[in-house]
Amino acid sequence: MLVAGATGFAGALAAHLLWRHPGFELVGLTGRSETGRRLDDLYQRYRVPLEIQPLDLDGLERIDAAIVAYPHAAAAPTVGALLERGARVVDLSADFRLADLSTYERWYGPHPRPDLLEHAVYGLTELHREPIATARIVANPGCYPTAAVLGLAPLARAGLLADVVIDAKQGLSGAGRTFDDTTHLSMAAENITPYNVAHHRHTPEIEQQLGELDPAHPELAVQFQAHLVPLDQGELASCYVTPTRPVGEEELGELYRAAYADEPFVEAVEQPPGVREVRETNFCRLFAAADAHTGKVLVFSAIDNLWKGTSSQAIQNLNVMFGLPETEGLL
Amino acid sequence: MLVAGATGFAGALAAHLLWRHPGFELVGLTGRSETGRRLDDLYQRYRVPLEIQPLDLDGLERIDAAIVAYPHAAAAPTVGALLERGARVVDLSADFRLADLSTYERWYGPHPRPDLLEHAVYGLTELHREPIATARIVANPGCYPTAAVLGLAPLARAGLLADVVIDAKQGLSGAGRTFDDTTHLSMAAENITPYNVAHHRHTPEIEQQLGELDPAHPELAVQFQAHLVPLDQGELASCYVTPTRPVGEEELGELYRAAYADEPFVEAVEQPPGVREVRETNFCRLFAAADAHTGKVLVFSAIDNLWKGTSSQAIQNLNVMFGLPETEGLL
Amino acid sequence: MLVAGATGFAGALAAHLLWRHPGFELVGLTGRSETGRRLDDLYQRYRVPLEIQPLDLDGLERIDAAIVAYPHAAAAPTVGALLERGARVVDLSADFRLADLSTYERWYGPHPRPDLLEHAVYGLTELHREPIATARIVANPGCYPTAAVLGLAPLARAGLLADVVIDAKQGLSGAGRTFDDTTHLSMAAENITPYNVAHHRHTPEIEQQLGELDPAHPELAVQFQAHLVPLDQGELASCYVTPTRPVGEEELGELYRAAYADEPFVEAVEQPPGVREVRETNFCRLFAAADAHTGKVLVFSAIDNLWKGTSSQAIQNLNVMFGLPETEGLL
Amino acid sequence: MLVAGATGFAGALAAHLLWRHPGFELVGLTGRSETGRRLDDLYQRYRVPLEIQPLDLDGLERIDAAIVAYPHAAAAPTVGALLERGARVVDLSADFRLADLSTYERWYGPHPRPDLLEHAVYGLTELHREPIATARIVANPGCYPTAAVLGLAPLARAGLLADVVIDAKQGLSGAGRTFDDTTHLSMAAENITPYNVAHHRHTPEIEQQLGELDPAHPELAVQFQAHLVPLDQGELASCYVTPTRPVGEEELGELYRAAYADEPFVEAVEQPPGVREVRETNFCRLFAAADAHTGKVLVFSAIDNLWKGTSSQAIQNLNVMFGLPETEGLL
């Protein structure tokens, strides 16, 4: 098992989770910076005593799988090269999340390896478990789509989504290991800020997934808005749905309980969730309510953006890909 | 000038602002607890060297005005008694905010002094400056209605509100000086939580104000949802509006600039505001955007919930009531 | 296994750790409040689906051991009752930490069960592993003594402590589940405060342990000072030692490496530790340095006050008491 | 009035304070980066509508005074150039703080303008008010020396300092507008870290000032240690003093009350201060206690590191330099 791009928050956590995983052996970490430095020096809280190395594809020993944690566009060529050397890949970037090439290119520019799109499966484990099991490329979802789609899937499947507003709030780890006025504690503390207003790359990803679940309404336009709030890890998606027909509390409760009764990591709870409840876990907590005053349906979905939103979901996918119990190394 | 109920966050800040105000003389602080304690001992950061006393209406020397910072239902009788002794009152509770008695009673129970409702003016200064100038009771708005109504007023006046979702985020000072699992730093830090889901007392207040501004659509049902995020002071209302007709960026920009061009405390800005920018000020910062993808209009409204959302707006109202420059003591 | 007093931060975490421990079976939780409530409702992040019950000593089924998380003076009678029913006890209170009865009574008042003192072993695992293995009562150390004594033990054993200042900083979880002006996020955030100035109950506990390690200087008077800083979990003890003779970097390095080379949970590191590095772990990280300018020795000791400082150290002790690997359930 | 170096935290706050100051006119802001940007865009919370310009010494109109907020070594030449154009300067860097050239060069390297040292006065206003009034260069103190020296001055003057340990804690604004793993909220939150262990540039500055106050013990070696704790603005210096002779509470109380009775910005208080109490003010709060157990004297000194520790003290100095009331623009 290899982690390519282990210097960022996502890659480093993936390395930490693989290192302590009983079913996988982490053999290498690569990075485009910080080479020669041990991961447990760069991230003192992750006790992984491996050095970060430049990625040497030719010198690479045979590996079964890799997690690639590169920025979009940089990821695809590396994914391709790893594939050609026989590895299966969980890619944390956006490069293989959008099935439609033109949608990808509108948001991210030219795709470096469009030929590989057909090998990719969208890695929201709960929705695509079967194809993930045999996939060569798993496109790990973005953290916002993870929370939003898990929250809205039961409504989408029931054809209930007429209009959707998603107001998402996230801690600063969502900004990644980038150093600027946004992430400095003296700017970020005691602040709440919306960002990427009316223009967020995660919108098409959410729309693609919801459209698949509700083929009768494939053209749903989702209003998605992200905010930074002053904490480290944690994400809440508050979803406001105008339903296609009136929905009551009882129907709603049954819908959510039924949808996730057998899921080890999704909990339909009886009261509004706080993100602390799922911090440093692979859990997603959902709460749905009907508002008698407006007729709208409200859904709150809480995850840890770095765990279920990114790195621990990658491990969950690897468990599925290699036939291990899905919860292995994650409880 | 008297502050009745100076032990809570709102009353204490009002006392601090009055104490340093060049145009008012703060002569007394009352409280139902902590009596005998000096305010600068209870709140070390507010340098007000006055003792908190029980409210003794009969022994009260003649005062021109008072700020009443009691819980709802407890406020109204005190407001009445002060009125009868010749004082004008800014009431921070909900008791005089709702013009319709039955709406009040649905949310708060029996009204202790419905006879006084006719003397009350809703204290969102920017909207009701004229009647405030001569009012005997000013019902200071809730912090959520302050942010939301200032944000949506230009759209309401233009008849543009067809459907409204307001997702509000607030720091822990919004919970007041209440001590429980919600406010303990060890529970509140690293957390994001929705509260009062599908049932928030501030909704009718917002609907009343927007309905007044747009008499053609008095029945608008607003979806309002509050969240706690881990900071002290600061509030952001993110508003998602389905407009009654398509609106472009240009029209929107003009609408907001025109609405607030002459307002000393409302700033229509060119980028999404963070609440840090208005912390410990009486400012409200607004940013509006049109989303071409969904056709919706987005409005972000940032205030300090304790200042413009509560106590400094009370001072702004007192300035208006007593013919002082509106910004006196607030810049 | 029973946790008596599971409603506080320490007891709840102990329950969480026991519930997921492969070698112990948690059969009951007791509390003096919140009875009938499930722990995973009171602390949503701890997934322990047991109800809190009143402590019914007579109805108690036979248990091997208990963790008692009661306040001082309330703990001792319960510890006694459990002992009499055949259970071994790890007591998180101060009741059995001080060998000298008069010292206890000076700080805490009359001791409810002085007869039991002879059965108690001080539970700083690294220092008293052998007697802990067979102890009937293990007096789990305070969090400050844990950090301080682990940090200073190598110097004490070498007879190097002439004068000691310990400046400790801790997050708000150290204040426990108490609700007041101190713990409200709006008071605690953006604050740093010393507390219990020149008068802290943990001082005699530290002096007792250091005195045992350095019998030649049993009368060392330690200057200990605690501070609250705005985080949840984490504690740093900064120790400033005037040594009995000059000590250089090299000797210091050897002293610390040798002292903890075989310890699974104490890490002598090469750079100043941050408490994030040990958050939610049973690790203690130590860094020692000689200051050429002043001749003093500086030691920094970082732990998670709720974990190694309290609840996970209780598990470590239980592992030792029941002959399990010391790290079981803790890595 | 000019602020040279207005892009950093210190310069920007100085500009904000000058802009709203009734007695000074801020005419220019310079910076080595962000030129062309308005300060109220770079720091949205500071409502200073001036553009940052490159420093053009030749084109400079005649100014009375400047605040220079450059890094050490970069500051001195600029200070010199401004002096030659007739301006008086408050320099926020370390360049003119140390009277002894060799001490400066040991810590900071070659001094660019040693010839100017004789014109510089150390700008701890409370200690050097008279020479500051006529100084051409005021060397504004570091934030740590400000808190520490104000805290220890009464003891130093009384010849009571035999041994001194200063453990200082500061928020992240103390790290300045530098962007790295230290300041990213995701690293800094939930952390406490010592830094510059056994080697801090502020030590000689503190020793110089205490030595001047106690000419009988000019060779006092101070143990100074800095820590970062997770807040924005605020600094607490906890001082542990072994006195030259026993000191009781009463003597201590009189010493501190007498020392600061007439100071507008230093408050000797009756209980341990929290930094929140002085946030965004020019106040310093001091609390001294005698520890009967150890015989030591403890002093706690709380300031806002950016205000009294840096920028508002610069304004205080300017008030003194220009014969204005010392509190002008600062209350």
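First chain written, first letter: the chains are A, B, C and D, and each begins at residue 1.
Going forward, contacts are C-beta pairs under 8 Å (C-beta built on N, C-alpha and C of every residue); 3 or more make two chains touch, one makes a residue touch a chain.
The model shown is predicted, which means the values in this text are computed figures rather than measured ones.
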Identity of the chain that, by mean CA position, is farthest from chain D: A
Rounded Å distance between chain A and chain B, as computed from the means of their C-alpha atoms: 38
Geometric centre distance via CA averages, chain D-chain A, whole Å: 46
Approximate Å spacing (C-alpha centroids) for the pair chain B, chain D: 38
Multi-partner residues of chain A (each touching 2 or more other chains): 171, 189-190, 230-233, 273-274, 276, 279
Pairwise touch network: line, ring, star, complete, or other: complete
Contacting residues of chain B [partner chain C, same complex]: 9, 171-173, 175, 177, 179-181, 183-186, 188-190, 230-233
Chain C-facing residues of chain A, complex: 20, 44-45, 189-190, 273-274, 276-280, 331
Chain A-facing residues of chain B, complex: 163, 165, 167, 169, 171, 187, 189-195, 197-198, 203, 221-223, 225, 227, 229-236, 238, 240, 242, 272-276, 279, 287, 289-296, 298, 300, 302
